[in-house]
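Both complexes shown next keep subunit A, but they swap its partner, so subunit B is in the first and subunit C is in the second.
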Partner chain A sequence: MASAPSKLYADDVSLVVVLLDTNPFFWSSSSLSFSQFLSHVLAFLNAILTLNQLNQVVVIATGYNSCDYVFDSSSDLNRSFENGRMPVMCSSLLQKLEEFLIKDEQLSKEEPEGKIKSSLFSGSLSMALCYIQRVFRSGALHPHPRILCLQGSPDGPEQYVAIMNAIFSAQRSSVPIDSCYLGSQNSAFLQQASYITGGVHHKPQNLDGLFQYLMTIFATDLHSRSFIHLPKPVGVDFRASCFCHKNTIDMGYICSVCLSIFCKHHKKCSTCGSVFGQAQSEAASASDKKRKTPET
Partner chain B sequence: MASTHVTKRAKYKTTIKDPGTPGTLRMTFEKILFVPHNPKSAGKLDVEFRYIKGKKHTKEGSNKPPWLNLTNNQNGSFIFEFENYSDLQECRDFVGKVLAKGGEVSEKPTVAYPDEQLSAAEMELRIKLLQEDSELQKLHKQFVLSGVLTETEFWATRKKLLDREASKKTKQRLGFKSAMISDIKPSTDGRTNKVTFNLTPEVILQIFAEKPAVHRAFLSYVPNKMSERTFWTKYFRAEYLHSTKNSIAAAAEAAEDEELAVFLKQDDILASEARKKIRRVDPTLDMEADEGDDYTHLPDHGILREGSKEMTESQNELYKRSLSQDINRHAAVVLEGRAVDVELEDTKAVAEALAVKTEIESSNKGESDGDTSRERLDRLSRMTEIEDLQGPNTLPLAPLCIKDPRDYFDSQQANALRSSGDALGEIEQIKCGLSTQEVYGSLRESISSIKAMGLKEPIVKPEVAHQVFDALTNSISNTKYHIGKNPQESVLDRLPRKTKEELLHHWTSILELLKHFWASYPITTTYLYVKVNRLKDAMSNIYPQLEEIKGSVPSELRHQVSLLVRPMHQALDAAIQHYEASMQKRSAQSGERPNGYV
Partner chain C sequence: MPQVKIIAKNFMDMVASLPAIKLDLLYRNQFICEAILRSLPPLAKKYVLQMLYIDIPITSKSLQEWLLADGSSKHKVAIDRLIQLRVFEVIDRKKETTYKLNSTFQTNLRKHMISGGILPREPMPQSVTARLPTSEELDAYAHEQWECFLLQLISSGQAEKSTSFSDSMMRIFQRGLLRQRDKEAPRLTDSGFQFLLMDTNAQLWYIIREYISNSEEQGVDQADLIAFLLELSFHTPGEAYSLDTLTDDQTTMIKDLADLGLVKLQKGRKESWFIPTKLATNLSVSLTDSSSRKQGFVVVETNFRMYAYSSSKLHCEILRLFARVEYQLPNLIVGAITKESLYNAFENGITAEQIVTFLQQNAHPRVAEKLPSVPENVTDQIRLWETDLNRVEMTPAHFYDEFPSRDVFEAASDFARMHNGLLWEDAKKMRMVVKAEIHMLMREHLRGQNK
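And then the complex of A and B:
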């Protein structure tokens, strides 16, 4: 459902939903320590709230086993977390974050060795989109929403389908997804998300200046993006993961009914159940060979 | 003119002013040969008709000498002067014949596959599609006319396009006119006592549709008892009698001639049909017919056909017609539509076709008459039911089957877990020697430390911030010039238009070639082998063309163009590699068969 134009609001009122990566396995091996990261982020959130009186910020923590809302600037519950050393907003966020981590740890179960330790990005993306939908339906007067993902964990290929679904629904509701990747490799999911929805993707070179990156690139509201130049990635990694093994592939088989991608020839599509025909001598069979080349 | 060649004495002139070299002109279907009488002169001419584009000649009545001017492709012309105009005429006719034939031949695309019989309609469809879509036409010209692909192969993948074109062409059947053309007014000839009725096939069809009694009479009388002409004469005599409003005379003639009587009576078929329809009507719903339709027997009904308001005796009732009956009948027939789609010229065929159709209809209605009454009763009871007193009426529905989405996602999870062991080579793996507890613990520690000490002071060091800002600004301004502001803006739009079109055309032609190439594997027949060879040659020719494009572009765009061209290269390379590998395998397998036939 597209948002109704909110003419009574100024053009630059924004609602930023921040997806914070709290995957402990990533943070224990990252060059940037979690507390430094939090300082950068908290200062940045404060700055967003000062840009415009009507701006709103929502923070969702992307954990290893679960996701949850940890901060909502429009709620009144922040009063109870008074702490002399920092603004009220920060202390309430930290408190909630701590509680979330405790809960998350309790949910952890014994994992087989060798599994990729990725966070539940698809879950937090879906929660963000649900929150934004609620804002859309709250009336004609609402800020322009966008999503900012601060991710460091690697992509979990088993989440490919869920993440792509979320990306397409964000595209449909015109919600840009900005992403800032803090890890060492490249994240194909984040690049695709920003490319498809019209957001900004950036991988900071110098993590000590993370606050400066956030302020320069990600604090820009949607209206100003029409005349402020933001960094563009040189190319997007469009490779998909196959549906059977979750490997990243660039040449594979596609079911012509539901467009699911497979790396090997199958008798039957596992998504829609359609049976693939026999290959005839000259004409192509039901699943064509398709080549996806990464755009550079 | 049955000759396959023409030989005449003529003079050959290169221009109009040239006096001309006398000699013999010999024309066959393939070429024109002119040999001068004097072997030493230089005017010998041997031209094939393929190169002749057109012809001009001087008119007979003018004062000019008889010249024939043949123009060729390169805009040169050959002028021949004949001895007299009849010679010119002959040659002109011959040339015209050859040119017409030649025109035909060049338009028909080369059908190399002799098994395919194309109907004229099919050819027309193809030509129309080619004319409408210039991209398709370019591809067609490039591949089919140069022999890389045959017609059949080219169109084999485009069946959907052809079908769509064909379905657009299904003719709409014209309905009947609403004017009552079956009501023919004769034209009278003032001089003689004849009246002339004009009868066209369209009118015949209408008469048969509107007057089933006449139709029945036609089927039974023609050609057994009388010819068609006699039949129509009698019919129009009846019409004339009606028009004279002389029902007494009509009765008298009807008594004499029984065939005529058929035309003069009321149409009993219509009456019985109306009665049948009334029986079939479902009073709850269907107003197909009602009591009022069977009005033909009612007395004093309506305006009489020829406008007379006289009351006449009932014995002549039979021979009167009323205007409303005819108009209603005509309207009913027009609304039914054109029931038969037969060539109108053959009256007998039309009559038979209509008869067959009415027979089918009446038999369909007739055989269900027994069941229909029961069915009607059923429907009546259903329509008039009282809902409160009925039991629950559950309609048969297919049960809704919503698959649990967790099934799908869980199965994917299981797959991922099972095979993630092998997939880790590419993907980054976090080397984590610590246990879960330790890891969570360290995270919580960070949070407590920040709670205790507050945010980092300063959040970011000024030098670092400055560095970051500089680097960002530089990279943004660089990429803006190289790639463009909008991440979704395409590189293609920044190239000059001609280059862009060429690149896109190359891409579609490469796709076409690759489609046919990959579809031909595995090679099982010689036809496929030959085809694959042709395709491979065409593909190798594309490489130099791509290089040319790259060279023609200004240097700052060259890198972009080479990036765009790279996937084309890759696709072609993959195809050619496959080809060479299969060739090697083939030659390794069949040592004693060098031509590669398996």
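And then the complex of A and C:
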């Protein structure tokens, strides 16, 4: 659904939905401690709210087992600023974050060893998109929305389908997804998300200066992005993961009806139910073989 | 020197025109830093944020490197604005200019970012204030006060109660808006009409600007007033703040602001307090952000009929400016936009653009979501009728006829052409029209020719 034109607002009114990675497995092994990270982020959120009276900020925490809204600057509770905006925001956000982390931990079940400890990124991305859809439908006057992902956990291939669906729906609603990767490897999902939706992806080299990276790159409102140099995508990893085992693959089988990807030959497509032809030889059967290589 | 002319159209321009020492004093207040940051163009805001934690000066060349090619004009505007407001300090080294953030501004903004701002006063506890007006009541109160003030301003005799502004104050506000000839009732001038058609924020700024420029004569310091107004805009609307927390000057100001509808004064048993309204909190928003979500009320149809769902006298007066009001019902004003009514408006100095903008900004919510909110045939016709009046251009001139001979005629026409005054000539019948400015020169030339 296309967004209604927000012509009555000045160009730089923005709604920033921040997806905060709270995966305990990642933070326990990260060089930047979670509390330092939070202090950078809180100052950044305050800066966004200072820039314009009408700016809004929503924070969604991405946990290991669940996701939840942690802060919404437009809710009534957060609007009275007798003691100043920053203390009110900090106390409410930190309190909700603590409650969320306790709940998240309780949901943990026994996991098999060797599983990649990824956070529930697809869940929080979908929640962000739902919130933004609600803003779009609230009337002609609304701020320009964008999503900022602060992720450090590695990608979980089992979330590939859900994340790609979310990315494509963000692309259709013209919502840019910015991503800031805090981990040590590269995240293919984040790179693809920013590339496809027209956002900015960056991996800060020095995590101590995270606040300055956030201010310089990610605080740019959508209007000014056409005038300022921002990090360009370099070498996005476009590899997909198969639908049956969720492994990342380079070459595989694709259903010609619904384009689902499989790593092994199947008799029937599990997504659309179309039966693959058996008459010809196994090698060049009705399902195409498509070569998928990472683009340079 | 800044290359942008200062047109004090809004508050920030007035702040920018204060002398440097006063501006530095103002920047000690965290809220003023925030208000100034908010008023900057978006690119300027980015620059301030990026340079917030950089202590060494940055060369203007490195600033240019942050930009893409499209942005150079916006960049210039942003830099000029920053220098004007003295947020950027220019340090001219021998090779190139460098910029640095104003240090008072920088320290205070840093503090504001990290620890948030604390207002100098807290709202009063519920126990003392008992029942506070709801936000709708407050909005209605503000609206009513403002309308009453405007009606009194244009002295339309329809105001139900008069405000407590002294006559001299009202005259100062009316200066430029009304013109009074002897023995006649005061009439609105061109700028008066344009004032009425502006939206509330712009009108508010005009009045406050006049008020502040006048305050120097009353003995109140301009910078203090501006600081107080900006602080007021950060209070929470609907919360009560005690009057004891204000200085004497601020107390006098508050009474005037209550008349304008910016605050509501209330008295309890022992204490009295003021409640800021939405008009006050919108003060720090710049003119381009018309976040006044007030409901529009005008529906314009393709047959040029106009229905305004309003019972306000002010709206009726404004609509009478350019439309023919036919019926007035308790909640509805029915009218039509006709050629005569528009010609009337154009004669009074209103432009078609203003009328169209007014209709678009005040469109009823039912039509506001459609594009266009005012039918195109109506807006086109309004503009066409305006150009009708501009079809004929008049220049004072003189007509020359009956030249004795062709040579004299040609000499005269060359002479006129040399002085850039020839408007029309007919070589066959030897007639010409010459601009009035060079009429005297032509006469002397022709007399010289005769001899």
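As a convention for this text, the second predicted complex is superposed on the first by the 282 of 296 C-alpha atoms of A that agree within 3 Å, B and C clash if a C-alpha of one lies under 4 Å from a C-alpha of the other, contacts with A are read in each partner's own complex, and residues count from 1 in each chain.
Methods note: a residue touches a chain if its C-beta (ideal position, glycine included) is under 8 Å from a C-beta of that chain, and two chains touch if they have at least 3 such contacts.
All values reported here derive from a predicted model rather than from experimental measurement.
Superposition of the two structures on subunit A leaves subunit B and subunit C fitting side by side, clash-free.
Residue by residue along subunit A, subunit B and subunit C are tallied for touches, and B comes out ahead.
In the superposition on chain A, A:H229 contacts both subunit B and subunit C. By the touch criterion defined above, A:A43 lies against subunit B and subunit C together after alignment on the C-alpha atoms of chain A.
Shared-chain residue A:S75: touches no atom of subunit B or subunit C. When the two complexes are overlaid on their common chain A, residue A:N52 makes contact with subunit C while staying clear of subunit B. Of the two partner chains placed by the overlay, only subunit C lies in contact with A:T220; subunit B stays clear of it.
Of the two partner chains placed by the overlay, neither subunit B nor subunit C lies in contact with A:S256.
With both structures placed on the common chain, the touch criterion links A:N247 to subunit B but leaves subunit C unconnected. Once chain A of one complex is fitted onto chain A of the other, the partner contacts of A:D208 are limited to subunit B, with no touch recorded for subunit C.
Our summary of the superposed model lists a minimum C-alpha distance of 6 Å between subunit B and subunit C. The residues of subunit A shared by its contacts with subunit B and with subunit C are 43, 83, 85-86, 211-212, 216, 229. Subunit C contributes residues 34, 37-38, 42-43, 45-46, 49-50, 52-53, 65-68, 70-71, 74-75, 112-119, 122-123, 234, 236, 239, 284-286, 288-291, 293, 368-369, 371 to its touches with subunit A in the complex. By the touch criterion given at the top, residues 408-409, 411-413, 415-417, 419-421, 423-424, 426-432, 434, 436-440, 442-444, 446-456, 459-461, 464-465, 467-469, 471-472, 475-477, 479-480, 483, 485, 487-488, 518-520, 524, 528, 563, 567, 570-571 of subunit B touch subunit A in their complex. Against subunit B, in their complex, subunit A makes its touches with residues 22, 24-29, 33-36, 38-40, 42-43, 83, 85-86, 90-91, 94, 97-98, 101-102, 104-105, 108, 112, 114-117, 153-158, 161-162, 183-185, 194-195, 198, 204-206, 208-213, 216-217, 229-234, 243-248, 270-271, 281-284, 289, 291, 293, 296. Considering their complex, residues 4-5, 8-13, 43, 46-47, 50-54, 79-89, 139-141, 211-212, 215-216, 219-221, 223-224, 226-229 of subunit A touch subunit C.
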